[in-house]
Structure formats: C-alpha cells, structure tokens
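First chain A sits with chain B, and in the next complex the same chain sits with chain C.
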Partner chain A sequence: MTRVLSPVAGRVVGLAGVPDPVFAQAMVGPGTAVDPRRAPGRAIAPVSGRIVKLHPHAYVVVDAEGHGVLVHLGIDTVKLKGAGFELLAAEGDEVAAGDPVVGWNPAEIESGGRSPICAVVALDAGDGALTDVLESGEVGAGDELFTWD
Partner chain B sequence: MSERSVRIESKVGLHARPAALFVQTAAKAPGDVTVAKRGGRPVNAKSILAVLAMDARHGEEVTITADGKDAEQLLDSLEELLSTPEPEGA
Partner chain C sequence: MDKAEAIVAALGGADNIVEIEPCATRLRTEVSDAGKVDEAALKRAGAFGVMRSGTVVQVVVGPEADTIASDIEDILD
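Take a look at the complex of A and B:
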C-alpha cells in the first residue's frame, strides 16, 4: 500500500477541478488535484522512491511497489520550457516522501495566464485501487491525498 | 507482429496529453502493443508510466509494434495520433 502525499500546500479541488479534460476525465489516471497557495514554494516528492522522469513542470516518482505517481505543476506549463521552475533534485535520484523536487511560484504561473493547479495522478492504477481520495479541503505539503492498494 | 516507425509531431513530445491518448488507444487492443525509441528498449504501450518514462520528444522517431489480427488498424490509429501536431492553443 502506498500513501500518496500532497506535493504542495493549498486547496484540494479533485481531478474534476483541473481545467484540462485529459486530467479532469482521469485519462492520465485517477488521483486528485491541489490549487496551490500563491506563494513561492517547493514541490515535494509524493512518495518515497526513484525519480524516473523529471521535467521542470512535472515529475514521476516510482516507489518500491512499482507504483508511479505523476506530479504535474500547472496546466500547459510544458510550454514554459522550464522558465519559473528550479530543479532541486535530479532524474534517477532516490528520494524520500517529502523531499523537495522542484521550486516554483504558483503566483507567477497564474500571472502568466496559466492555471497553477497541481494534478497528482496514480499511473496505471486499476479501477478501485485508490482509497480515501481527498476531493476538497485545505492541505499542507506532505499531508496525505490518497492511498493506493 | 506488425511494426512501424513514426515521427512524433506533438510539440511537447509524448507528454501528458498525447501520452494519455496514445495509451488509451493502445489499451483497447487485445494483444501486446509496444513502443520504443530508436535504439531503446521496447516498453508496454498500454502503460502510461512506461510511456511517460520513455520520454519521446518532438521530432524523435519511435517504433510501435502490435500483435493480433487488427494490428495494422491499431497501428494506423496510433500513427495518426503521433503524427498529428496538437492544435495551437490546445
């Protein structure tokens, strides 16, 4: 069982609250989303494991059970080509849940005309694999968002 | 087994949106479907984790393979997804 933690502090909006149908319709996978606090922050690893993919605006951490969690910082932020994001870890690194991975400022993303909403997605998770999925409420970075059996 | 090479036209590469569409299409096939970067190890095209980790970029060529009787039709669909740039502003 994998406990998946919030990479950022903010207000949980659920995947349905992501202004991108690919995430909102759970096409990438099930999970939830957090509207981050508009302040400079550090997005953390949602699980302990290896960073198998690290982009400035998105990363995937795979834990010892093989569960891969995607953290996607903002919508259409791939088009920023890294501007406004600072890598605090490297691809291939072993990280503990809670370790900082990317520094960013959600307020800057928003002032650039993009949503800073952060999707947290369980990759290749089957139907019903996630339990206790938060869909609302305030969270701090490191608070549990869902469990993955 | 059917096989073909396709150049990735999505500006963002095989990232979240194109990757999700690609995997969803591959997952509908009954047989095995793989995708590989040139010189790379083929990965399961039905796994979003495997496809995102492969990290195929814009302009890169990938080789997709499929098994079964409708393999050519599936490869047609996958090729169309990979070789179509996303609309501006999408």
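Take a look at the complex of A and C:
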C-alpha cells in the first residue's frame, strides 16, 4: 500500500476540478488535484521511488511496488517550454517522498493566463485501487492525498 | 506493427501529419486532413482517449508520450 502525498500546498479540488478533460475524465488514471497556494514553492515527490519521467512541468515517480504517480503542474504548461520551472532533481534519481523535484511559482503561471492546478494521478490504477481520496479542503505539501493498494 | 506505427497509420499516415509534439500525458498532433483520422484505430493502438478540435488531434497515451513521439518522428523522417 502506498501513501500518496500532496506535492504542493493549497486547496484540494478533485480531478473533476481540473480544467482539462484528460485529467477531469481520469483518462490516464484516478487521483485528485490541488489548486496551489499562489506563492513561489517547490513541488515535492509524492512517493518514495525513482523519477522515471521528468519534464519541467510534470514528473512521474514509481515506487517499490511499481505504483507510478504523475504530478502535472498546471494546465497546458507544456507550452511554456520550461520557462518558470526549475528542475531540482534529475530523471532516474531515487527520491524520498517529500524531496523537492521542481521549483515554480503558481502565481506566475496564472498571470500568464494558465491554470496552475496540480493534478496528482495514480497511473493505470484500477477501479477501487485508491482509498481515502481527498476531494476538498486545505492541504500542506506532504499531507496525504490518498492511499493506493 | 508497433505502437508508434499504429498511431501514425490511425492518424492518416505519415503524409497527413503536419506536426507532432509530446506532452506529459498525450501527443499533440496537427494533421492536414482531419477526416483521415481513425479514432477507433487510435484506441486499438493503445490510446486512452482522443480529443479533436479541427485539425488538432490530441492522442492520450500516458507518460510514454515522449518515447512514442520520438519513435513517430523516426518514422516521419
């Protein structure tokens, strides 16, 4: 069982609150989403494991059980081509849950006309694999968002 | 036929693809003729979903998008 932590501080809005159908319809997997606090911050690893994909605006960490968790920072942020994101780790790195992975400023993303909402997705998780999924409320970075059996 | 080849075929073939760009979860593609895109074939090729807006077609393939995109670029070259 994997405890999946919030990569950012903010207000939980659930995947349905993400203004993008890929996440809102859970096409790549179930999970939740956090509307981040509008202040410069460091998005952290949601689980302990290996960073198997690292883009400036998104990353995937796979834990020892093979659970891959995608963190996607903002919507349509691929179009920023890395501007406003600072990589604090490298693809292939082993990280502990809570380690910083990407530095960013949600306020900057928003002032550029994009949503900074951060989706946290349990890749390829089956129905019922997630329990205690937060859908609302305030969280700090490192607070538990859901557990994955 | 591997996944990249199947996706190229479902997008109407190499000649129909104007641009392809990977995102964290999807391939963003622009095609010449949207009528040649076969959504059912894209799903058979492993796409979780397809979003279309005119000649822009987004193929949701998950985090392997960058790997698949470079395979597709090899086919297009």
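Observations
We take it that the second predicted complex is superposed on the first by the 149 of 149 C-alpha atoms of A that agree within 3 Å, B and C clash if a C-alpha of one lies under 4 Å from a C-alpha of the other, contacts with A are read in each partner's own complex, and residues count from 1 in each chain.
In this section, a contact is a pair of C-beta atoms (placed from the backbone, for glycine too) under 8 Å apart; a residue touches a chain by one contact, two chains touch by 3 or more.
Predicted model, so just to flag it, every value in this text is computed and none were measured.
By the touch criterion stated above, A:Leu70 is placed in contact with chain B and with chain C alike. In the superposition on chain A, contact of A:Asp124 is made with both chain B and chain C.
When the shared chain is aligned, chain B and chain C each come close enough to touch A:Ala58. Look at A:Val28: by the touch rule set out above, it reaches both chain B and chain C.
In the superposition on chain A, A:Leu134 makes contact with neither chain B nor chain C. Of the two partner chains placed around the shared chain by superposition, neither chain B nor chain C is touched by A:Leu80. Shared contact residues of chain A, touching chain B in one structure and chain C in the other: 22-23, 27-28, 52-53, 55, 58, 60, 68, 70, 72, 78, 123-124. Here chain A touches chain C in the complex through residues 21-23, 25, 27-28, 52-53, 55, 57-58, 60, 68, 70, 72, 78, 123-124, going by the rule given at the top. Across the interface of their complex, chain A is touched by residues 21, 23-26, 28, 48-49, 51, 58, 60, 62-63, 66 of chain C.
Residues 12, 15-17, 19-21, 24, 47-49, 52-53, 55 of chain B are the ones touching chain A in the complex. Those residues of chain A lying in contact with chain B across their complex are 20, 22-23, 27-29, 52-53, 55, 58, 60, 62, 68, 70, 72, 78-79, 123-124.
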